[in-house]
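Can you read through this structure? Questions will come right after.
Per-chain residue numbering starts at 1, and chain names A, B, C and D are given in the order in which the chains are listed.
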């Protein structure tokens, strides 16, 4: 039996549905009846979210007796009874990522190191950039690096080419300081599957040059925000945020330098939450289990 | 119907037992069959804890059809089947605390404020001290304050008197910088029910004068640790810890002053976790749900 | 000799002037010539602030040979030579504060405790409120409490009455969740002498109901900002900021509760910096030494 | 004029001497007389350090009229008058580091990235390791990598060989998880010039396997400590410390993984403080300006 099929692999359900009694019992009984051993289970419901119920349950794959297609058929009646939106994820099927970068390397280095040291359990299909600067870094980790220039006048076509190229090859995208605004048709191809790092504590300093404006305002904290891309700029559901202290001695350059530490940490955290299937999106907010 | 019986009251189970499949299904089905609506459910098991399974599940009381004594009888067969240690808690039965203080007021002020602003849902039966200094503070909140002096030569009897006095009146004790070592017979009367705040980041600086020794060692962080009292000094299960930065400019007095902020925050956090029935003790460690 | 004249009292200069060589030498030589022993000295200048130089120097009062009026006359030529704006502060002359409150008590309790435990070395002249709710708290610390109602239709006159009342009695004002917008004539009477706590991480969520909007946006951090009041709402120079993590489980009420911890901490920090003469304002930014 | 001689270069004095009046005036007047423009100046003295006075002053090199040897001769009388221990550092003479590693790469990657992105202004002479694992990483940055195996039976000679090799080539050493205990003769060759990262919050968990013991003790925070190596194991002066939260879900492996983030951050911070000449050692403590 191939190594990757044994030990530690899990199946995870992400569920949302109208709140009512019996959901946890129904789901956990289903898992038990088919010999699954629940490893983590978390749920949330609140009147402040229109009575929607959210659940993440994760159980060992090895003892579970239903194989992939049967699982869906067998669970379907339960899903229908509770009017569920649901997805099932197999940890053994690692998500395939494409990382988009521009010239800044700090987020990419950090992602690659964490991936290489098994902290981020994903496959990296390729790195795409509108510059050639980080090619060597990709080579060091044996990851294909594709140069896709973006020209002002051919922006739509340029992005369409990337979309065509990626078709069928990836599950989600990471914008690791990519610095280009993606077109609506591009974004809607990967709904809640494009993670961006915004170099400010949103919603403070939306838009361009957040460090410059933070510097001008004389703030004492700078932050970073990882969020799913939506078609309204800087407005998608927030996955993770953090902030660090700064003071009057920090020049604009120092803020940028300090900011890099918090950016890379927040982006890595958001990627980890995404690939571990811990994020549910409800309207413009996330439930992070 | 009396006000306290409606709205928001929950029943919480804390369970530990040998790990096996079907526990979550059994517990959640039990709750569902008797019309309970699960609000929070968390569990944990790990080979690193000898295959012990831990669970906390909390559900709405109002729709639940089993009343207190029936609940225990009805659940007993399930508990027996899985060899469970279990406890059930009703949020409507607020835990009764006695706060022990000496002369320092910062932890007490903070606990009283949080209690008064409904952040800590407990009853405070009384405050006990070996000094009269904080009597006025207790009066401000209309809480009985009892002066129990402790003399070196009559320590055992002095503590026995407190024990007799508290008998039947309280569920747990909070040592809010009490500065007295409790006798083994006292501690064993309230197993895992006495919360202490130690003014260091245990296990660094166990024993007396931690700030003095932190100052001498030139550390750059000082911390605080809230833990259950065991009969080995500074050795009980840790509930919460935190730390803050300090530097060479901090005199011993400044460390003590800074430390108060982290002490009161950590103690309040531990009390909150305890009264919300979020802490399970396994050997000398806590599982905090 | 009266106790307050000996030991530990310091004289502090706050200076700003166009940057050039020799300023530190001139100031420190002046202090030395008159037998002052420098305890702290900090300075800052940056091309990014139009070549302005900022300095804070603090020295022991007891050995210093120039008394108050002579000090000013003797230093004046140096100040003129470097085109300085400067102020001198005596730590023995504790600043006199008036604390403005509404109904929320958390900031006030914290300020009073820190003041009472000698962490905030100021005099509290009185507490002013548009409600009677916190009268008892003031009484506990023997601080006069004045009820100044504010009516919509007589807002200007109401605030003028407070201004008249305070005339000559206080050096600075602390708005400890006062919830009223002060009129321009009021604000300009105390330039850079009114400290406000805004319950968000400015400039995110300026204006009303920041927690509500933070909740709606689904942020993962909430913050607080202490700043000097200017006549543009939520726009004065920022003195201190901090933030804490939150998540989807935090209801609006929970955000408010969590926020109180960071609000009181940030306000107390700003007050400490102000009364220790550590804050210089330059345009809309602060230099905090 | 070669580029590195102009713009932004500074000269820094680190001074310690018995406390008395006039030190700041004497030093700043000296700098002014020779046309230096003070950029940063910080000092500290405390009765709790036996009346020792510590000072760091940094001024622009370009306008300063005394060249290197003349500076020392000219300042010597002042130094003698105040009985100073003092050192002078030129920012243009970047410190030369040797980084020691074993198999773990996280600290090295972080140091190299920060060095490469100009955050750490030092020269890296070489990397030394008792394993070959990280050779490729060094190659990527064009840094010589030397394999120096350490054998139990020839430990002294092995370390002597490294010492001979480094002679005259480096100013300080960074132990980036080197995992070998350096011999006393080695340590005393570089007094206060060997920076180590200890993977715990010292003095908690001194010695081997700190994460294992933190796990066993059930702590809720894990930390890291960067310190100068002394000849008592884990006992040298602490330069920087930090800590992060953990909980019962963290397996030993998870603690190690989480710990890496705080280790690399704390080590990089200590290296930055060292190369910017911000650390003075007094007995077993540091003054960090």
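Throughout what follows, a contact is a pair of C-beta atoms (placed from the backbone, for glycine too) under 8 Å apart; a residue touches a chain by one contact, two chains touch by 3 or more.
All of these numbers come straight from a predicted model, not from anything done at the bench.
Novice: Could you let me know which interface, B-C or C-D, is made of more C-beta pairs in contact?
Specialist: Comparing C-D with B-C, the pair joined by more C-beta contacts is C-D.
Novice: For the copies chain A and chain D, give the interface type as same if over half of its residue numbers appear on both sides, and as different if under half do.
Specialist: Homomeric contact, same residues on both sides for the most part.
Novice: What is the distance, in whole Å, between the centres of chain B and chain C, each centre taken as the mean of its C-alpha atoms?
Specialist: 37
Novice: Would you pick out the residues of chain B that each touch at least 2 other chains?
Specialist: none
Novice: Within the complex, which stretch of chain B touches chain C?
Specialist: Listed in rising order, the residues are 105-106, 109, 113, 117, 119, 136, 140, 257, 260-261, 265.
Novice: What residues of chain A sit close enough to touch chain B in their complex?
Specialist: Where chain A meets chain B, its residues are 20-26, 28-29, 31-33, 35-43, 45, 63.
Novice: Residue numbers of chain A touching chain C in their complex, please.
Specialist: That would be residues 44, 46, 48, 201-205, 215, 217-221, 223, 237-243, 245, 247-249, 251-252, 284-288 of chain A.
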